[in-house]
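Next, two complexes with subunit A in common: one pairs it with subunit B, the other with subunit C.
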Partner chain A sequence: MSTTNGMIGKSVKRVEDKRFITGKGRYTDDIVLPLQTHASFVRSPYAHANISGIDLEVAKTMPGVIAIYTGADVAAINGVPCGWQVNFKNGDTMKEPKHPLLADGKVRHVGDPIVVVIAETAALAKDAAQMVMVDYEELPVVINAAEAVKTGAPLVHEDVPNNICYDWALGNPIAEVDQAMEEAAHITTLEFVNQRLVANPIEPRSYNAFYDEANEKYTLYTSTQSPHLIRLLLSTFVLGIPEHKLRIVGPDVGGGFGSKGDHYAEEAVLTWASKNINRPVKWTAERSESFISDVHGRDHVTKAEMGFDAEGKILALRVKTYANLGAYLGTFGPAVPTYLYGTLMQGLYTTPKINVDVTGVFTNTTTVDAYRGAGRPEATYLLERLMDLAALEMGKDPAALRMKNFVPPFDGVNQPGYQTQVALLYDSGNYQGVLEKGLKMLGYEDFRRKQLESAQNGTLLGVGFSTYIEACGLAPSALAGALGARAGLYEMGQVRVQPTGKVSVYTGSHAHGQGHETTFAQIVASKLGIPIADIEIVHGDSDSMAFGMGTYGSRSLAVGGTAIVKSIEKIIEKGKKIAAHRLEANADDLEFDQGKFTVKGTDKSISFGDVALTAYVPHIYPADLEPGLDFTSFYDPANFTYPFGCHIAVVEVEKDTGKVALQRFIAVDDVGNIINPMIVEGQIHGGVAQGIGQALFEGAEYDSNGQLTNATYMDYCMPRADDFPMFETANQITPCPHNPLGVKGAGEAGTIGSTPAVVNAVINALWSGGHQVKDIRMPLTSERVWRAMQAPVNE
Partner chain B sequence: MQIRVKVNGIDYIHEVEPRLLLVHYLRDVLHLTGTHVGCDTSICGACTVQVNSKPTKSCTMFAVQADGCEILTVEGLAPNGELHVLQEGFKEMHGLQCGFCTPGILMTMTDYLKHNPEPSEEDIRHALKGHLCRCTGYQNIVKSVQYAAAKIANKEEVPA
Partner chain C sequence: MQLTGKQVLNAAPAQVWEKLMDIDTLARIMPGVSSLEQIGENSFVSTLQIKLGPVNGSFSGNMQLEDITEEKNFTLKVQQSSKVGNANAAVKVNLLPVDDNHTEVSFDGDARLSGILAGMGQRVIGGVANTLTKQFFTNLEKELAQSAS
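And then the complex of A and B:
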């Protein structure tokens, strides 16, 4: 289909902005229903304890209290389900202990919900919750994944030996990798922690549930990334209510970053309770609650080794990771450190032998699940840290070392895709191109000169590289199923042409900042040749659209956008038949362009709006054609998409304090074709900011008792405006060969690429001053960097 | 306790609990839900409104403390439907994504521009320090403020 009005590739200003900048956004907590009640959860202050008693007597007498429920009240209800199954190496299924909606006599992490109090106002609910008396018998606590698997470690779930959810491996047989390592001239080894992060969307999680007694139907407003997924899980797997009797609405959502992709216990408790009390019940997390109850991200302990021959060609990669899954399995939890991590170990390189071995471990901490990038940042961090460190150790240039090992360019059409050692088939790539562009933007040779001069003057300048690839556009359902997904990962797009030619589009994708209302409208405007003002994009309501898998894994445009394109194709196809009848021509002789159906080679034409009206007022109409112009398509992608890029950081490290100043950040990203460059650049900015956040500022810190010691915005350091220079961004475009838009996905790329670039730059700066440090634990605070510099200097 | 306030030009008298926070008064009593709660502890800035023309984090102020005050919220920035030049800047420069932190930033920076009509990039970044945005990486927020500053420099008055 031709691009008819230049809408694709244009930085159209966002149509959704007006409501947000005028305070008219409608987030879940903004919704007040008639007879609204409010909930407050009593949560465990201990990381691991038996509950020996719950005394509700005083709480029940508090003003405004409507109902109080404990674990006993919901014991008969299923627990929170997990959406992805990972198997042990020996084929056994992973350990999947029940995740009760409210604690079942035992609490397993600080923040585990025990009691819900429902009252007339939020303040009264909180007042009463404070009067709930819970008796705890404290149990020993285990926090660290690598410690948790040791014999004698406390058990988070009595029926999970050694706290091991699964041990899993991918790639070439370990014996082959060991053999290749034996032959290596140099092995770079890195033992490191990829620290736990908290996603921290600024909108806290919020739910509002009500039960319509007359129609026996539940409605849940929820700050979610995936309304239909929540409906499926909540109706069928948790509460056992018919799917058509549960409506899920995800209104405006104030950021998600993966943490709102999960199905949460609070959603189920509120929905269940709304029927019991026969009134709507709302809960919005306080920030201190968000910190201990929203799913966290990352938290790996890893040993990685990369073997090289004498020329610097990679021979093998061997990885052992302990992945902390938290106390319970998140919706995607088991998949993140396996199928979204191990599968990325090829990186951009031709490494012939790879083995990645992951042990997923339960601990007395908040559940760990997807956080922006989800597994792919961890893989990229590992590979790209190894590459820069190997270059330093071998005295080679890090850019040249990469060039030597890159998979050569391939477009996936004339050249086949690249089959990795770790299950994936890359679609198309030009990895040299992004690095070359990045080096040019940096002015590499000049920088190295400047760095040398600076070192002589005692200033520590460093440059760090990261050339990343990711797998997104989740996902081909059959492949995802083979990898353990318990759902298909297609997307739905319905295009409803109204009788006047205006268009409503219903998508199963969900926007929480990504600008779908604009980008998707651009696609429709372009394909149908109509103005954006004539198009409305509707998302987030399970009663409005057929189905949807939601938004995560940078999938909305590649999968959801394509589903819309498929429906548009059907619209045009049918439109041709209608137009042919009106024009007394053969449908095969018609072409559609610029919003008009024209008989080829003639000036006989009919407008799109006219055809739409004919479809709905079919007085002159083909006898064998149904009236109406409305199509729904489900698109199941043929493959993942594989964006890639090159991120480069330049830092100066202050010698006396260890303070890191980020001087420049260059991001060259190849996300395939671009529909709206402004929005893509915005996604990259935000992603890069979060990735730099991990490198320099952020990290969830548990003490040995399992207390999250920095569970406030005061203590959990997120980057602010004055922490960054202007990011220097550029694109290379290598279209995706297997979707009609040629798009790959841009939501996570920035986060995936940026973290190792910054850490590598700091390490490089330290080496330039003779401090041959292999690793500094993230975040690279002044103290940690300063301590690293106190090691003896090698001149 | 009884309070009298003027919010976005309209006078109100209400009986409120002494413990009611200003942000909850605005959201729950006046249904002005454009002002958001992000952190409850005045760190994120999403709840910022102007109290007597001064940017104020309304999650850390009691409603009773606002007795007798004039309050401007994001809903009052474009009273006649004509966008404030900074609102326009946010739209033009893609200064927002999920939009949750945006109203608070607008309330701080509209005031900032009144007193600092020609800020440098560094000035703007410093002025934004009281706000957290998790979506944008701040770059386009800085550009949005620069857009507004440039428009103001061309002799356009800053309203409100």
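And then the complex of A and C:
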């Protein structure tokens, strides 16, 4: 099959950007339905409290109020379900307390919804909601995961002892790892916090639900990453309505970063209420609500130890993590700190013995779930911090230490994939390659010379490395099922050729900023030899497409794109039969190239458009062939894909203030084959910005009462463009051997690789001035860095 | 949130004490108080109007004076609720004679904020608290000056 019209590998401008940058995007909040009503949620101001009374009398009399519902009204409805199951080490299933749609007499985090008020306008609903009087009896609060497991800690759920959702381990038996550690010449130990982050997509969550009485059918417009997943969970697991009587539409969605991958209580409440009041109900989060009710990310407390032999070869890795899951389980919540974290502990290294032990913990905080990278940034942070710190402690070069421990190059075709100690089989890799390229871009030797000179002048210059790997293209269903996923993780792609040769593609991969409408169109244009203008990519409507598992885990191109390719192959195969009949030739003698079916070695040909028309106007047509040209394919990947790369940060730390100036940031990413280099670069830039955001700026701070103290943009520091130097990006291409596009995924790479590079650079800068600091808690604010420098100096 | 402050006032401890224990004076000198009504011995219901950055908050709730040691110290307990969140505070107020005509008034306490109030800008709220403290002392000084004249 040909890919010759040059559309693959070309930086085609994003077709969706015209509507986005001209304000013509259509987001959920833009959708106004006839007889529209609006909802406002009364949320808990306390992190943990019994509700001793709810007084609705005044609120009911407020202007424009249509209905008010409390937890009692929805008590008979199932709670919000969890999509993944993680087992205790002893085989017991995880603790999965009910997550009620509205609080059931008890609130468990600030922002927990208690009452919904529905009124004629959003302002009237909000006014009335403020008149709802809730009486609370405050209860003791637990915030920190490592504290929550201690005896006597307050219980978030009475029936979950020690707040432990699960304890889980992966890798080699701990005794073997302990033994290997015994034999180590050097052990680097790091105790650290991977702090909690708020996703902050630019579009707040928004839902609009209505019930069509005539057809007994519900519709929910929702700012989600996964329309079909929401349909499955909402219809079957929550409301118990037949799946075919619920339509989910995810229109334009302004970013998700994982936080819109969850099924939220508000979606269910609105859908349920829309039937009760027989009018459409809309709710759009205010930013202050987003901060306390969107799922958060990260929040690990970890002790990690890496043992080395005298030459610097890694012998063993031992990890203990307390993962904060928040008050309730998110859709992917339990899986993020286990299957997406523990499985990445091999990194790029040949570490022979690994044991990772994770305790998932409930606390009186907002639910923690996937946030760009989801588990993999936490794993990468751990490994890459250890590597740079070990190099400093052992007096070795951090780049050379990595080279010594890298898994040697393998393409997954001529050389087999690499089996890790932690359940994964890497597909293909050339880890030396990305590091060498990064060092070259940096000008490593010159930099070290400059660093030495600077140190003599009292300037603290530092370089930090991060060589990461991620498991993307989620996921082979059989493996995911074995790991505890309660769904398959394939994707659907339908290619419908219209009678005039125009093509509509229906994909289960939802787009919320990734540029699918361009990248997918490039694939179709290339494979069918038609212009991009003749192709429409349709996504996000459960009534339009057969199915879809949604967008997360850098899976859209590798899994969703491949499903489209499979349908294109079927289109061409059928097209050949139609063309052969028209050309009075044998289908096997035909080739398809540049949008034409040609009898090999002749000038006899028929265009793709003609074949399409023939398929729908089958006057001259094979007797044994159905009319039409429309195929649907499901693709279940054979393996995860494993993008990898090398990120390098150069910083200068101001001695007197601790201020960190990021001078250079180099990202060499290997995401397999690239369809649109501009979009890949854009994804890397955005991801790197978010990763540096974690290192230097962001962090959700709870006080001891469980109040999120920085729940506004005045206090939660989002990175801005002027915080960064121009990123220096490059690619290496090691194709994925197990999907036809050879692609691996690029959506999360930047976030996964960048954070430890920056922190390592700051630590390195401090060591260059004699401050032998092991760790500074992120974000590395001037104050924290300055305090770290006040420790005694080792000359 | 920690609440601390101190100021030396041009009055003897007995005079300062008298002002602080008088409900009408208190209603005048406490910033933002729109009503203060005694409902029992040393307990009051109050309405406050306080502007916190972008949020204009109307608070209502109770206040109590506890652990009273005549002319020396007392604890002010405040429970206020509003549409933007709730505030609970316990503040110990100390009077220390500097000399016959001067008293150092200091306070030390903790305020627990919840709801939007807690999430929006502790720095803003800290600044507001400082401003309110300053206003309180300025008002108290005025009251003392007026009674002296």
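Of note:
Criterion: the second predicted complex is superposed on the first by the 795 of 795 C-alpha atoms of A that agree within 3 Å, B and C clash if a C-alpha of one lies under 4 Å from a C-alpha of the other, contacts with A are read in each partner's own complex, and residues count from 1 in each chain.
One rule holds for everything that comes next: a contact is a pair of C-beta atoms (placed from the backbone, for glycine too) under 8 Å apart; a residue touches a chain by one contact, two chains touch by 3 or more.
In this text, all values refer to a predicted model and were calculated from it rather than measured experimentally.
Ranked by how many residues of subunit A each touches, subunit B and subunit C are led by B. Contact with both subunit B and subunit C is seen for A:288 once the two complexes are overlaid on the shared chain. In the superposition on chain A, A:388 makes contact with neither subunit B nor subunit C.
Looking at the shared chain after the overlay, A:491 reaches neither subunit B nor subunit C. Looking at the shared chain after the overlay, A:257 reaches subunit B, while subunit C stays out of its contact range.
Touch criterion met: A:27 reaches subunit B, while subunit C stays clear of it.
Of the two partner chains placed around the shared chain by superposition, subunit B and subunit C are both touched by A:712.
In the overlay built on the shared chain, the residue A:305 is in contact with neither subunit B nor subunit C.
By the touch criterion stated above, A:112 is placed in contact with neither subunit B nor subunit C. Taken together, the two structures place residues 288, 712, 714 of subunit A in contact with subunit B in one case and with subunit C in the other.
In the complex of the two chains, the subunit C residues touching subunit A come out as 83, 85-86, 112-116, 118-124. Taken together, the subunit A residues at the contact with subunit C in this complex read 45-46, 110, 130, 288, 291-292, 703, 705, 707-712, 714-715. Of all the residues in subunit A, the ones that touch subunit B in their complex are 13-14, 16-27, 29-30, 32, 123, 200-204, 252-255, 257, 284, 286-288, 512-515, 678-679, 681-682, 685-690, 712-714, 718-722, 724, 726-727, 750. For subunit B in complex with subunit A, the touching residues are 17, 19-20, 27-28, 31-41, 43-44, 46, 73-75, 77-78, 83, 87, 90-92, 94, 96-103, 106, 121-122, 124-126, 128-129, 131-142.
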